[in-house]
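Questions regarding the structure given below will be posed in turn.
To keep things simple, chains are lettered A, B, C, D, E, F, G and H as they appear, and every chain counts its residues starting from 1.
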């Protein structure tokens, strides 16, 4: 496991092959200088390590979890079952169903244990990081400023897009 | 519109008929004594009032939006486009597709503008409120305590369930 | 929890409302006089009790688990993550997606942790019990005989069906 | 943005990457010498510019909007919310769901704000242009003649198709 | 068949049982005093009468067709194949697939013959009428004014919605 | 089993509960005075009786099989595996998936063993009978005449449909 | 168009690009020496030529139509609307929905006009030919023999398959 | 057919092309030194050989069947119809629907004949073997030990995964 001192966000994924997707969350948090840690802990293959990690991470001060998984993606829900910290879920596009199985397994949580779910794949991983920043920004004013700057830049860039027609 | 002094959460829905679903969010926030407001503002039928509301609500101190809508549910995404505050989306089960259209229209946000999406229907509305409490609890310690108590009670009740077999 | 002395099958469900579906498994095991126990333990709302139950049940001699759950149905997979005993999963027809979310969340298990999945709803619950009997019959010859008798009777009854045409 | 003097059709897309799809609408309008303009304005990343554009475009005399977007495709509906001019929507095939999310987010508009939706992808973009020509042809008789000629040619070409069998 | 003198819109449906859905288009056109006619002509059961009707209707001055059908809904596409007038399609919610078959059969038109498709069911039928009014309003200025008034009223009513919370 | 002397069509269903759907095939064949027989033989619960039936029926002169089943509907494919006579399949609308599982299990036959599949439910059952008549009409000229009369009547009735608008 | 003297089967497709799929039907009919013709006639782009073809083909003695089309595949249903000869439909795998739109547009025919539908793609095209042979075999005894030989050979080949394990 | 002396598991597939998927079951059983046999026997193209095989295999002492098939995958259900031994089904990812048709055709078995279904594709084939081992382990204690060792190794390896971040 790789840790950063006093991380605020814990990025989790069920398999190292999910990194291709979840790296987008890591990179986006880096852009905001939000301390975070990235770990691979499968809900199905390493369930005890997962519970231990979630509990210790919450004690160490993690304020948001981002959990990505594919197929019968139990990871985000299991994390949420063991913490009262906000959990964001990213369905990973893997297997024969292209991530729709993971979407259903993450977003359709029964009442009582919420997971805030983002889009399937890299778009969802990036947005999970932005939503984490937005959650943290309520408490850490400099992040609010940074997020508003990011959003303004994003709007400006979006409007600068050029099409190959005259 | 109905307002509460210094609300922290703004519950929005696209149509008054969504109240049957979204009342679950309202009731859950009430259980936590989280000040909130509930409004009906359609993204499609009242787009200008929506933008005005979102901007003023953020200025008034709303820290989380919960937006529920059915069919081509643009509401949560449009709210998110106009604020840097966390936005949670609830797909409402209405129309011929039973909420799956709304799920796709809410969860599949493109990169840059996140919406944390919950389950279709009342389960999602209740969970949106619980996730909002969880987000607020990072900043307001008494809510953290209340949430942990709520969760412990929920676990206890879940284990008390009885089946009609001896 | 309700226990039977030396049960061989543990029927689990995520919510007492799943009983309407899972009772079909209970009744079918009763027809074969297979000792079993039925419990409600939510993977999301009571995760620690679930792990404790699974481990103790395996020690007590449970040889097959039947786990039914709806929506983002993590229960069968979480049970399977904590035992090497065969786990059979039943997607319960609940919520806006009519059990298709549960089917995906149960059947699409990643490699390493299997769940043998049955049909959505009561047909699946009944078949889970029959598959459990079939599994046990490999080891307990009288069950093999009972199962073959059951199947022969079933075939006979199927062929006795009458249509209201002359 | 690229403008043409007195354009009658405004082609909009949420991202420059949608051009690969939407160019089919541009090329088809060119075949009919229908003055039009093509712009990239994201409903989510540049919502204020979008509203401003739609209102000014309608004032400048745009008579049909063609809006293409992928994933949680809010663009066509948001355009329709701000104009009484006909809006045609094209679901772009992007992301893990291959455009079915965009189809649902565009076609399932709630009552009151219509979007005439075409097929997912390039076929839809080309057909959006043909439908725009058909709409304009009610008012501009030379377009009616041009459309009938186009259709007759299309029929003739369709019948000239050869198969590699003797 | 029932005709109105000099109708501008032709509402068609595949079966009289579609009237429950398509009446919403008729009522909406009535609100705008747009002369129109309503007919039941099945593309599959009365294909020759359909072609004859479409050709004569276009000659009589019909400027928009609204065609609603369920299941393998060929009607809108067949109408579009025989006219250069704009055709709007409404998938009717009937049969075991609840209108999703009709949606696919209407919206996924191949390149060359467009059908502007609306939502499944009554919402779609009402919106088809509004889109027809919008198309006609380009040519008939009083309809433009009427449509803008309608939309303003709709916005006002949407904002007057009350929720049963204080 | 109920037999008719020298039947030409064998209607089969997996369960007596499918009769509600399959009766439409029986009634339609009766309208054409096509001798036929109706039987309930489950491919899963009575596989040997099924094979025996199919082989004897073909020997007795059955020229078309119509097989209806729900859920994992193996019946039509298994019938087709044991005969070279045309087999028509009807997906029955039963269980949690409303017949879409049966549609997939019937229509997606691998290369080599065809099943001509009709719509889910009663519409499909009626059409299976009409297709059987059409198949038989190639060989039995009076059926050709009867089918053309039926179709002409059907067209006439379709055009007589009245709408409650003046 | 390419014709064969006294063809018994008419293979139709909506676009020359469907040949890649439909060639499997042609090749299979060739294996049985069944005279047939292959034509490209779009239901949407050449509707009048289609009707003319169907009527003349039936008069010339075509006894089975095989119609393949993709997307909003109206072709098989329109053919069936104009003939009482058996029509078999093949959903072509094209466009963003991979043939599922075509499957729904072909198989879900409303009551009265049947289309016997085969699997999506080449498997379906081959099976359409085999079903056509089976239909013809009722009337032409040599085809019955040929089909039984074909089936026996197919079974033998299937059993000769070797796996790379010892 | 390839046999191993006294095999306990019979792996079956409908086509040699399924080997690419089903080899994962074979390899996993090899890791556990579980004697097994692999055969290709199509339920549709060689139905009689299939029944003969299933009956003889059960007599020879096969204790678990693993059956994989694609499209309208009848194989697992037909095997289950002819044996009282546990049958595990693997939907193979083939054809235009990517294995979802096979999933529905395998998992949605009607009440009375169960098939324990695994995930689509290789993950499912591997898990079918693990579930077979788990079933056998109830009776053969050394397999129980081997399975627990395998699972512990799997957990250790899962936790050793490294991400390319420091």
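Structural remarks
Basically, a residue touches a chain if its C-beta (ideal position, glycine included) is under 8 Å from a C-beta of that chain, and two chains touch if they have at least 3 such contacts.
Every value quoted in this text rests on a predicted model; they were computed, and no experiment measured them.
Identification of common neighbours of chain E and chain H yields F, G.
Looking at chain G and chain H, the chains that touch each of them are F.
Minimum number of contact steps separating chain A from chain H: 1.
If you lay the C-alpha trace of chain C over that of chain D, the rotation comes to 180 degrees, to the nearest 5. Matching residue numbers shows that A-H is the pair in A-H, D-E or F-H whose interface repeats G-H, with more than half of the contact pairs in common. In a homomeric contact, the two copies may use the same or different surfaces; for chain F and chain H, over half of the interface residue numbers are shared, pointing to the same surface. A separation of 52 Å divides the Cα centre of chain B from that of chain G. Work out the mean CA point of chain A and of chain B, and you get 19 Å between them. One inter-chain figure worth recording: chain C and chain G are separated by 44 Å, centre to centre, where each centre is the mean of the chain's CA atoms. Centroids built from CA atoms put chain H at 49 Å from chain D. Shared interface positions of chain D, i.e. residues touching 2 or more other chains, are given as 15, 42, 45, 71-72, 95, 97-98, 100, 107-110, 112-113, 115, 119-120, 123, 154, 158. Of all possible chain pairs, the ones that touch are A-B, A-C, A-D, A-H, B-C, B-D, B-E, C-F, C-H, D-E, D-G, E-F, E-G, F-G, F-H, G-H.
Residues of chain E touching chain B in their complex: 91, 93, 98-100, 119-121, 123, 154-155, 158-159, 161-166. Chain H meets chain C in the complex at residues 24, 63-64, 84-86, 88, 103, 107-120, 122-123, 126-128, 130-131, 134-139, 144, 147-148, 151, 154, 158. In the complex of the two chains, the chain C residues touching chain B come out as 2, 15-16, 19, 23, 26, 38-42, 45-46, 49, 71-72, 95-98. If you check the complex, the residues on chain H that touch chain F are 14-15, 42-45, 47, 51, 70-74, 77-78, 80-82, 95, 97, 100-102, 104-110, 112-113.
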